[in-house]
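For reference, the structure discussed in these notes is given below.
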Amino acid sequence: MTAQARDATSLTSAVPVMSPDLIRQVDPGDGVREMSYQEAIREALREEMIGDPRVFLMGEDIGKHGGAFGVTRTLFDQFGGERVRNTPISENTIVGAATGAALVGMRPVAEIMFVDFSGLAMDQIATQAAKIRFMTGGQCSVPWVLRMPQGGGAGKSTAAQHSQSLEVWFASIPGLKVVLPSTPYDAKGLMKAAIRDDNPVVFLEHKLLYAFKGLVPDGDYELPLSRCDVKRVGDDVTVVASGYMVWHAMLAARILEAEGISVEVVDVRTVSPLDEETIGASARKTGRVVVVAEACRSYGPANEWAMVAIERAHDRLRAPIVRVAGRDSPIPFANSLENGVWPSTEDVVAAIRQVVGSPA
Amino acid sequence: MEVALQTLLEMYRRMVRIRQFELAATNLFKRGQLKGTVHTYIGMEASGVGVCMALRTEDLIAGTHRSHGHNIAKGADLARMMAELMGKETGYCKGRGGSMHIAAFETGSLGALAVVASGIPLAVGAALAFQMRREDRVAVPFTGDAGSNTGNWHEGLNMAAAWKLPVVFVLENNQYGVSTRIDDVTRIHDLSLRAAGYGIPGVRVDGFDVLAVYEAATTAVARARAGDGPTLLVTESYRVDGHYAGEPEVYRDRAEVAEYRAKDPIARFRSRLIGELAVDILALDAIEAEVAAAIEAALAFAREGSEPDPATALDYIYA
Amino acid sequence: MTAQARDATSLTSAVPVMSPDLIRQVDPGDGVREMSYQEAIREALREEMIGDPRVFLMGEDIGKHGGAFGVTRTLFDQFGGERVRNTPISENTIVGAATGAALVGMRPVAEIMFVDFSGLAMDQIATQAAKIRFMTGGQCSVPWVLRMPQGGGAGKSTAAQHSQSLEVWFASIPGLKVVLPSTPYDAKGLMKAAIRDDNPVVFLEHKLLYAFKGLVPDGDYELPLSRCDVKRVGDDVTVVASGYMVWHAMLAARILEAEGISVEVVDVRTVSPLDEETIGASARKTGRVVVVAEACRSYGPANEWAMVAIERAHDRLRAPIVRVAGRDSPIPFANSLENGVWPSTEDVVAAIRQVVGSPA
Amino acid sequence: MEVALQTLLEMYRRMVRIRQFELAATNLFKRGQLKGTVHTYIGMEASGVGVCMALRTEDLIAGTHRSHGHNIAKGADLARMMAELMGKETGYCKGRGGSMHIAAFETGSLGALAVVASGIPLAVGAALAFQMRREDRVAVPFTGDAGSNTGNWHEGLNMAAAWKLPVVFVLENNQYGVSTRIDDVTRIHDLSLRAAGYGIPGVRVDGFDVLAVYEAATTAVARARAGDGPTLLVTESYRVDGHYAGEPEVYRDRAEVAEYRAKDPIARFRSRLIGELAVDILALDAIEAEVAAAIEAALAFAREGSEPDPATALDYIYA
């Protein structure tokens, strides 16, 4: 099941009808506020900067301007230009300088404005930062976070060089941790963990999620890197997804609930190193697996989740695994083409129906 | 420098075409009739037009995220440009590219790439081909002030200089990269000094003065054609609009913007044409009317076109 | 089945006992010579340069020096420095300049000295060259070839920044073709096709194969890009592999022949776009699949081959697919660690035994 | 510049240590006792030693593929270096790195990265940390002539200059990048001219003269410590060995190599020490003997060590 296969005129992928109560991770109450994914990231940055003088931010236009998506807005006013540092347009050097600062004990949070520009920085990300600790026999470590917005959709028409999902570039390189949160709660807790982690953490933020709201506790909490999160418990089929795709999965699950299909949703919120155990356990329980990723289908990240399910649950699988993924295409500008490029909720619904063997 | 009347009028025409196109695009964008993003060239018209008027059709430019102006300066059709902004099959890129990737190959383009400075190597490679084939052609990549801090920029100038390639590197210093003043991310104020590191001439001109740009570009292009290698040409101007249409501009004073808006290169050229060069005011008014009509026609053409058929989604991925 | 799982002291991966007759693609005779993989590539370059003035080479030290592995040796003497062009150390610009030259009608063959340095050039490879044609609605095409040696093994100890297998970075980007030949015959025919192809072709050459010999016809022949090649016909199990791993697969097949296990070997010599049909057909025929890649296991290229086998042959699969892949680690320098990092013939043998259900 | 006798002798010692280490390594490599590859620093000792003697232990260097010399100049232990070259657990990098990634953090290293110029951003980042923490420390990345044509190099100089970071960029012009003469890939001959593009001082010194390098480095380091920002320091030398041990050198005349070999920075320094600076010849002979013994001890130590235990294969991938 691929994006190609479905009616490209469907508008579902362009209309995020997801509401925050699809995913409820904390109960409302004292010390819990509703905030957006973007606010949650900002809050994590702010709290970590207050708590640890080693933490600082660097990236293009993250100062007064607040970054291309406003994530760092207000931080410049609070912390000043030394700790919220506008850089020249020098992606490889932004990352490399973060590495250098990290090697001498700082905890930089660097930003590349769009993940699409990481092609300029892959050397410092994958060939230097990921490997220095290993190559030097553990003489050093590289505790940085690299924030990069990725993904597309909703008719935004940011076209081929501002819309990609590239987690497979990073996840295929040992030595990096790769995070892709799907909710405000996860974003805050994972950002805190990422900053405190002693490894280089690639922190991917989905652009369409920035405005999504959810409940987030005040103050300090950390979520473990390298664990998947079961966002919904179910019995009949496991959907493994990450980032924005988790919302398609949750919505699909709700839709199919009415038909009596019980869907478990495993959120790969830490893409790498992968928590194989949680995926394996869920696959063993349900015996049916759908994997969903926004990235292009061929050689995409969802393949890994499928392989893990096979390796850990093959004797329990009752149906072949089905993948849902982006079209193998550069991202087009025109809405008529953009609409079909990414998976939609219907794609996920159809894939689930396929594995449970019920007709559409 | 003696410039023929016809050339002067064509310069004026192209500058006005850019201005009117950008105003129309901004207007559409603000009314929600354009998707994506619009980075206007308003206030910088003299730079692109001064450079492109010094080029022939077979010379090539490489564009950026801010290339409506470059394309129009090089002779692109307004209707197909506007259709592209609207994501129509009738646009230059058949709706696949949009504002940030708009490029008219028929009028001499190597593409418009939205990753800052990534057009530099393309121009270097095209110039290499020209040199190897002994063709009398020049390649001209545009970048901004901020773009000159990228690794691509340095590698490209060095390679072109080492091989004496026919390239004119146009660095449009509009003083900002998004919200960041060039002076905050580069220690030198005169960016043309960088040419010394490559053993090539560095020239700095008033980017509000189309004739000054034209003259400097003509010299640089002649040098390239003569086989003497590249030139770094810095045009000093200002970005009077936000980085993109609707950008909040929290990083600068309105007074600063107003000061530079007053330097309007079109108004300035117009008074010079009328005052110093004795051009008939009616000729200029006629150009403005002609352009206004062309914009109307472009809008109509663009609206009329349809978006690409989803059945063609897989076209053009592979040749 | 992963490299980790086996005895890391095994030396098989370091000892290439493969002989040319393991793969026989042409019969000896007039107009056929034995030559190395490296010579075959050079011959293709030479013939294409003779036949087409648009073809030229650019890269670091490819002139008199002949490149880091001697592949272009003698070509400088024959064609001169204009068409065999030493460049500055400027990887992104080497690729971008090739794109620029290609856009105006040349057919450049660019070289990056080791695929590990492609991290510096991913922008021009994946974000520019791969997408320009699409972004401009077909106004142009980018007929270049980018040669990059990759891989490691045989106790060469080139360590973490000169030994990687990175095909997944390229194969996950639509618009690129990705080739990884396993034999001299394939190398010559695929190089010719790559140069003549109108798309950007990433041509990966396995360093350990450079010295491998095989029979190659004189003169012109082209092999299709985007087809897998069945290197060995068999009935019981399909091994899908590419590059150096094909030799492990062939050797494994020969070893198991003695036990009466008939192995089909599908060589993914064009990694992308993937020839799903051949993989699917073989999987349907044998009903058992092992996928083998040298790259790191997690998010590695073999996953795609497995997914295709599932999608195209799930109703015929009689055993879960098993993957064999490199260890999830930067490549270590010391032989004692390097030995275990890549798959060995024994790993492939063990994986085949696992899927056919026979005890080791 | 007045230099204390002790300092002079330490310079001499470090240069001899580098030379002897490289000769021993080459010898091992040629006899097949080393895996991987060996890029020697022979003939360039004055550059690394002149620079590192101007540094304190807490100042940091960033290395390259050719960093045996840089490490020894900064004070690294010969035995752990040699053990690393042999891939032993007792090596600085526990056998994981080898010759191209050898780095002794305890003596002030940021790592040795084999991708040309990739150490530049590391040094810039470390210097940024020093500046933010108001630490009196300097970061010194080494690169070659060819390395100065990379995008990293440009981005790093620009960023450090813009932020006035305490960095001394040492560009070791040994005239070749592998087989390629710098003059064939760069139009300027005096690479220090590039400093003008960043608004920082560019200094060019004889890289065969350890005292000249030391003096220039001392000035640059003082400038950096004073908060006045980076300097580009070009040391002019030559690579007398092949690019790596055993490299065929088809691209240059033996006569050219012989001419430069005659400039041997150690022999030159020795005669100057004896002639001009009245150093006792016996003191220098003693240093040589001491180093020879240290090399023997290093070889023994390295041979004695064992390769990493395969059971530890997954160590150090994550912290």
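Each chain gets a letter, A, B, C and D, in the order it is written, and its residues are counted from 1.
The working rule: a residue touches a chain if its C-beta (ideal position, glycine included) is under 8 Å from a C-beta of that chain, and two chains touch if they have at least 3 such contacts.
All figures in this text were calculated on a predicted structure; none of them were measured in a lab.
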item: Groups of chains joined by contact, in the absence of chain A; value: one piece
item: Between chain B and chain C, centroid-to-centroid distance (C-alpha), Å; value: 42
item: Cα-centroid distance, chain C relative to chain D, in whole angstrom; value: 37
item: Rounded Å distance, chain B centre to chain D centre (Cα mean); value: 45
item: Where chain A and chain C are represented by their mean Cα positions, the distance between them in whole Å; value: 31
item: Chain A residues counted as touching two or more neighbouring chains; value: 87-88, 90, 92-93, 116-117, 119-120, 123-124, 127, 134-135, 159-161, 174-175, 273, 328-330, 332
item: Overlap residues in chain D, where contacts from two or more other chains coincide; value: 93, 95-97, 101, 113, 115, 149-152, 155, 158-159, 162, 184-186, 317
item: Chain-level touch network, classified as line, ring, star, complete or other; value: complete
item: Interface residues, chain C side, partner chain B - complex; value: 56, 82-83, 87-88, 90, 92-93, 95-106, 108, 123-124, 127-128, 132-143, 174-175, 177, 197-199, 273
item: Touching residues (chain side chain C, partner chain A) in the complex; value: 92, 116-120, 122-127, 130-131, 134-135, 159-161, 166, 168-169, 171-175, 272-274, 295-296, 298-301, 303-304, 306-307, 310-311, 314-315, 317, 320-321, 323, 328-330, 332
item: Chain D-facing residues of chain B, complex; value: 149-155, 158-159, 161-162, 164, 184-188, 193-194, 196-200, 229
item: Of chain D, residues touching chain C in the complex; value: 35-37, 87-89, 93, 95-98, 100-101, 113-117, 146-147, 149-152, 177-180, 184-186, 250-251, 307-314, 317
item: Residues of chain A defined as touching chain B within the complex; value: 4, 8-9, 60-61, 63-66, 68, 86-90, 92-93, 116-117, 119-120, 155-162, 327-330, 332-337, 339-341
